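Presented sequentially are two complexes of chain A, the first with chain B as partner and the second with chain C.
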Partner chain A sequence: MSESSDAINPIKEAFNRHIEDLDTAPAWWKTSKTEAFENFASLPLPTRRTETWRFANIKGLELDDVKFAALPSISDAASLVDRSNFIETYAGRFVFGDDQTLKADRLSPELAAKGVIWAPLREAVSKHGEILKDYFMKQEADLGSAKFAALHQAFLENGALLYVPKGVEIEDPFVVYNWSINAGSAIFPHTLVITEDFAKVRLVEANLSATEDAAAFSCGVNHIFAGVGSTVDYTLLQNFNEQTLGFQINSNIAGKDSNVKTISVNVGCKRYRSETHGQIKGSGSQVNMLSLAVADHDQEIDQRTLQTHSAPHTYSNLLFKNALVDDARTIFSGLIKVDPGAQQTDAYQTNRNLLLSGTAEANSLPGLEIDANDVKCSHGATTSQIEDDEIFYMLARGIPREKAQELIVYGFFEEILEQISCDTVAENARQIIQAKFKKRLRK
Partner chain B sequence: MVTPNSEIEVDREKGNFRFSEHHKYDAGVGLSEKVIDYICDVKEEDQWIRDFRKRALKVFESKPMPTNWATKDLENIDFDKIRYYLSGGNRASKSWDDVPDDVKETFERLGIPENERKFLAGVEAQFDSEAAYSNIKESVGKQGVIFMGSTEALMKHPEIFKKWFGKVIPTGDNKFSALNSAVFSGGSFIYVPKGVKVSHPLQAYFRINAENFGQFERTLIIADEGSEVTYMEGCTAPKFDTATLHSAVVELVALPGAKIEYVTVQNWSSNVFNLVTKRAIAHEGATVKWIDCNIGSRLTMKYPGVVLKGKGARGEVLSIALANDGQHQDTGAKMIHAADETSSNIISKSISVGKGRSTYRGQVHMPKNLKGCKNNTECDALLINENSRTDTYPAITVRGNRNAVQHEASVSKVSAEQIFYMQQRGLSEAAAMSLSVNGFVNDLTRQFPMEYSVELKRLIELEMEGSVG
Partner chain C sequence: MSNTLEIKNLNVSIGDKQILKDFSLTVPKGEVHAIMGPNGTGKSTLAKAMAGHPEYEVTSGEVIIDGENIMEMEADERSRAGLFLAFQYPMEIPGVTIANFIRAALNARLPDDEELNAPDYYKELYAKMDLLKIDRKFTARAVNDGFSGGEKKRCEILQMAMLNPKYAVLDETDSGLDIDALKVVAEGVNSMRGPNLGALVITHYQRLLDYIVPDVVHVMYDGRIVKSGDKNLALELESKGYEWVKELAGEAAAS
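Our next item is the complex of A and B:
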C-alpha cells in the first residue's frame, strides 16, 4: 500500500505545480484536469493477469524515472523548426518542443473566413471552450490504458485543435510536429480533429526526438470525430529516440457515410504502446486502419486495436505489418466487435510479422466478437521469415544477403507506405525506415 | 435472405432419462479434506495418492476463477452444493450380465453394448464416479494392451500409472485441473506396448445420473514406441434443473513414433458445466490427433493441447462446436512447440444457432532456438440466426529460425444464394439449410471415424430442424 502512495507522491506534487501554473485557464478546464488526475491516481496499474496487457512488459509503468518537471527553456527552437520540414505546402503547421509552441503557422484568411478552426490547445481553452467541452477527451480509452489517458488529460499542456465546418474541403494537409527535447521530460501530444458534414481534411503528426540519447516519456492522444459524409485522412510518424517510453492512445468515431483512414509508422522508442480504436458508428461509413513497425535491439512495440461496428452497412479494414530484428518484441492484439443489429458489416483484420532474426519474438492475438449474423468478417495473422527463394533470386543477381534482406523489408512495407496520401510524408517515412537499417550496418 | 426466427429444440432426448439413486458410497455435499479421506478410504488408495489429492485441494482453493479472460458464467458454479463422489461399488464388471439392471438399461438405451459388438475393441462405461463395465476384446488383451478404469489401474499397474500420472498436466495447471486432481475418480487407463497397432477403437462412455453431481474422471493413455491406438469417448446426462459439473483431466503420452487419435463427442445436457483439461506429449516422430465435437452442455471450456517435445512430432486438433440457445461452446486448441521441425494443424468450425455463442480460443507457441516449425490454424464460424454470437481469440507467439505460422479465421452466414438455388430445385428451406450446414462441416467430418461421422451428421440435421421457418 505504502509503495503505491510513494510512487504517486512526486507525480502528485508535479500535478499541483501544473495546476498552479495554469492560473489564467478557465475553471472548468482546471476542474476537468483535477478529476482526470484523481482518476489516474485511483485506477490500478496493469498486472500480469490483466488481459489487455497480455505479453506486454509491465515493469516501469509506475513512471518513477519520469520527471514531471516545470517547463524547461528551449534553446535551439530555430533549428527544430527548420527540421520540421516533412511537408512544404501545408494549410497550417504547429511545431511543439517539450509541449511549448515553437512555431505556429496559422490558417490562410480564406480558410479562416470559412469558419475553419486551427488553434493550439492552450489558446483554444479560452477561445473555443464550447467545442472543447463537447469533444475534448470524449472518447474512452478502452483498450487498457485508461489510466494513462487520465494522466494525459491531467498533465496536457498543449496540442492542436482542427475543426472543419460543413462542406469545407481542404486539399493541403495540416501538420503537427511534437519534439521531445530534454532528458527526463514528459510530453503529452494531443491532436483533435472534428469534421462537420461533408468536410474533407488531412492531418499529419510527427513525433520526434531532438537528440538520440535524451531518455523521455511521451503519452499522446489523437481523437477524430468524422461527421456525416466527411473524409478524414490521418498519418502519424513516430520516430522518438530509442531511450523513450511512448504511449499513443488513438480513437476515431466514423459518422454516417464518412470515410476515415489512419496510418501509423512506428520506428522509434525503447518501448512503445499504441492503442487504436475505430468506432464505426454511422451506417455506410468506411474505416481503414494501417500501421507498420520496425523493431530492433530490445525494442518492444505493443499494438492494441479495436474495430467496433455498431451500425449496419459498414466497412472496416485493418492491416498491421511488423518487421523484427535482433531481440525485438512486437505484440499485436486486435479485436473486431460487431454489435447486435450491425448487419451487412464487412470487417477485416490482418497482421503480418516478418522475423529477421532467430531471437526476435512476434506475438499475435487477432480476435473476433461477432453478435450479428449477416456479416463478412475475417482475420488473418502470419509470422514467418524471408523465403529462401526470394533471397536466392537476389543473391543470384549479385546483391549481398544483408542488402537483399533490407530490400525485401522495404517491399514488405510498401503496401502501407503507398497509401500515405502526402508523397513527401511517404518519402520521409521511407527515409526514416532506411536510416534505421543503415545505422544497423554502421554498427 | 434467410432470417430464421423460431427457436430450435435440441435432440438431447435420447439421453434424457434417469433412474432413482441407490448409491452404496456417497461422499455427501460440499468439498473438504473429509471428502477426500472418504474417497481414499472407499477406493483403498495408497498414502501417496491421499497426499497428492490433499495438496491439490490446497492448490484448488488458492487459485482464483479465471474470469479475467473467461466468461462470468463460471461464478454460477456453487462448489459447496456439488456432490463429489457417488458410486455403487469400485469394481467394474467384465460382463454386461453382472452390471446392475438399471445401469445396464441406461447403457442399452444409449446403444453401447450394441456398438461394442459391432466395431469396438474394448469398452468402458462409467456411471457417476466409477466404471460400471469394462471389457477388452480377448485378441487385443493378448497383445498386451491394458484398458481399464483408472481406479482399477491404480491398484493393478501402479508402476506405469505413477510414472506418467500428472506429468502432462500438473495439478496447478489451472483451477479445474487442481479440482480434478483432488477428487478424481474413474476415467480410462490405456497402455499400448511397443509396436502394437490396435486395429479397432477403444471406447469409453461417461454417464451422469445423479443430480448436483460432479464427475471428475481422469484418463491416462500411454502409447509406447511405434504403437497406434484410437480412443473414443461419449457422454450424456439427464436434464436437471440445477447445474452439474464435469471436470475431467486427460493426459496422453505418445512415445517416439507412436500415434494416438482421441475422439470426443460431447453431448451433455444443457445444465452441465463442462470444464476439461486435455493435453498430450508427443515425442520424436509421434503424432497426436484430437478430434473434438462439442454439441451439448451449458458451458464448455476445453482446449486440447499437444506439447511437441520430440523432433518431427506432429499435433493436430480438429474441432467442431455447435452452440444452441443458452449454450456457450468455448473451445479451441493449444500447440506448444518444443523441438525442431515439429508441425501442428488446427482446424476449427463452429456453428451458432439461436442465441448460442461459440468461442475459439487458441494458443500457438514457438520459443527461440527452434528451427523449421510450422503451424497452420483455420477457424471458420457460421452464424445461423440474427442474435447468434461467435468470438475468436487466438494467441500466437513466434521466435526462432525458419518457423512459419499462419492463422486465418472467417465468419459468415449461410449464403442466401445457396439456399435460393436449392429451393429452386424443390428442396424446402429447412432441408436446404441443413444441407448447407452439413456442407460447412463436411471436410472435417470426413476425417472422422465412419460411425462418428454419420452420427454427427444426424445430430446436426436434428439440431437444425425448425431453425428456419
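Our next item is the complex of A and C:
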C-alpha cells in the first residue's frame, strides 16, 4: 500500500495509532498484529460471487461507518457491572465495556494454586506469552471471514484467556460480558479456552449493548482447544442492539476422547454473521454444536458451519434452529466433511427454520463431503410455518393467537435452551427471547 | 335462556359439503348428554365447529352459552366464555410444558395486570393430576409430546379440570383407550359433574356410557339428531346396531 493511499485510509491510520498505544506490549505481539493487519488489508472483500457469502448482504463490509478510534471513556461502568448478572456463582468473571476491563473477578486461590489461568488478554500478553504464542489465533477462519478474523487480531484490545491444567475439573462456570457502549465503536471480543488432559470447564460469554440505539460493530472470536479426555462447555448469548453489525468467528479443536459442546443464542444485531467450525481431530471425541436465532424486522442472521472429522470413531451433532418474523432473513450453510481416515464417524447436521410471516426468508444450504466409506452421516433442513391445528388447539384453551405463537416459538427453542447447562443462563436466554417478543407487542 | 348450552339450527359445511343440517340441541347445566352415531355422521364436525375451527364453515345457526351467542367469537374467546373441547386427537406442542400451557390458558382468563399465584396454581394442578393418576413429573413434559393415547386423553381432562368450563364437549374421548384408562378418564369427568357443568359426550361406543352415565342420549345421523332418550337408548342402540339408526333417520325424515 502506498503512502498516499495510507493517508486517506482511516482504518490504516487507526491501526497505526493502535500500535503506538501498545507501547509496552512485547514486540512479538505487535509484530503479529502488524502481520494480521497486512493480511486484512490484502484479503479481498467478499463479492456477490463469493460462495462462502452466498445469499448474504455484502453491503457495508468496507466498515466505513466504524470508528476504529482510541478507547473512549466509560461513564456508566458500575451500572454495566451490575447488569452483568446472568450467573451468581462463577469461578471467574470479566466485564468488558468497549474492550476495556470494567471488572475483573479473579480465580479463587485454590484454583490459582492448581495452575488454572484466567486472565484478561491485555495482561496475558506479558504474563502468559508462551501460551498465547502457541494458541492465540491458531485456528484458521476458513468459512469466509478470514479478512475479518485478521481485522480482529489486528485491533483486538482485550479478551479472556482460560487455561485449565491436566485433571482439573471446575464446576462453576467462567463468564465474560462484552458490552458495546458507544455509537460507532468497534469491539473485538475474544475468548480462548485451553484444556489439558481430562480437565473440565464451562465458559459463558454474553455480548450485549448498553443502549438500544448506539450503532456499533463487533467482531468476536472464540477458540477452544480441548485436550485429551477433557470437557468444554461453551455458551454464547448474543443480544447486541438491532443497530449493530456483528461477526462471530468460532472454532474448536476436539482432542482425543474429548467432549465439546457449544451453544449460541442469537437475538440481537441488525446483521450478524457467525462462523462455527468443529474440528474433530481426536479419535473418540464428541462435539455438539447448537444454535438458535430469533430474527425480526429486517434482521439478517448468517450462519456458516463446518464439521471436519479427521479421526476415526468420532461423533458430531449440529442443530441450528431459527425463528423468523416480519422481513427477517436467515442463512444456514453447513458442511460435514469426513476425511479419508475418519472411519466410523457419526455426524449429523440439522437446520430447522420456523417462519412466522409470509415475507421472512430462510435460506438453507446443507452439505456433506465424505471421503471415508464406513460412516453414518445425515443432514437435514426444514423450513415450516406454525401448523394451524397447533394454533387452534391453543386457541381452544383460551390462549390468544399472539400468545399461542409466542409459546410455540419458545417451545421450538427449548430443544436448544434445555441443553444450556447453567440454569440461570438458560433462564436469561429465555427472558431475552421473550423480551424481544414483548417489545414487538408494545409497538 | 340462561344456564343452558343451546345449539340452534346449526348448518356447517366443509368445502362444498354440508355436514350439519339444522342441528339443534339443548344441554342444561348440571346434565350430561351423550351423542352417539355412526362414523361420518358429523359428530366431530359439531365439536370442532362449536369450538371455532377455521376449516368448518358455519353457514347459519347459533350456539348460545348462558344466553350469549358465541358463534361470532374467535376460538379463544369461546373458550374463555366457558366452552371446553376435549380433542379426539390432541395436538403435540413440542417444548411447551403442560404446566406452562395450562398456566398460559389460565392467565388469559385474568385481567391484563394480574398474574396467577404460582404456589396456589401448582397446588391445584398437583391435586388434579393426582385425581387423574397423572405422574406429577408430567408438568415438566411438553404437551402431548410422545404421550400414549391414554396419557393424551387424561391430559385433556386435566386441562378441563383446571379451566373449569361451563360446558364441555368431549369428542370421542374414549377412542384408543383401554378399559383401565377409560375408567380413569371417566372418574375424572364424573368428579366434575355437578350443577355448574353441562357436558356433551360424543362417542361411537356405548362402553364409555357405562362409566359416564348420561342423563340424555341423542342418536345422530347424517348431520342431525334422529332420536333422543334416556341412558337405555344407548343400550338399545348397542344391541340393534347402527343399521337401526338408518331406519330411525328414515322415520324422522318421514314424520
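Methods note: the second predicted complex is superposed on the first by the 435 of 443 C-alpha atoms of A that agree within 3 Å, B and C clash if a C-alpha of one lies under 4 Å from a C-alpha of the other, contacts with A are read in each partner's own complex, and residues count from 1 in each chain.
By definition in this document, contacts are C-beta pairs under 8 Å (C-beta built on N, C-alpha and C of every residue); 3 or more make two chains touch, one makes a residue touch a chain.
Source: prediction; values computed, not measured.
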item	value
Which of chain B and chain C A:L22 touches, first, second, both or neither	neither
First (chain B), second (chain C), both or neither touched by A:Y410	second
First, second, both or neither for A:A396, with chain B first and chain C second	second
Superposed model, chain A: greater residue contact from chain B or chain C	B
Chain B versus chain C as contact partner of A:S384, first or second or both or neither	first
Common interface residues of chain A - those touching chain B in one complex and chain C in the other	none
Residues of chain C defined as touching chain A within the complex	51-54, 74-80, 85, 87, 90-91, 93-96, 100-102, 104-105, 108-109, 142, 159, 163
Chain C contact footprint on chain A (complex, rising order)	387-390, 392-401, 403-404, 407-408, 410-415
Contacting residues of chain A [partner chain B, same complex]	49-51, 54-55, 340, 343, 353, 355, 358-385
Parts of chain B lying in touch with chain A, wherever the complex brings them together	1, 68-69, 368-369, 381, 383-413
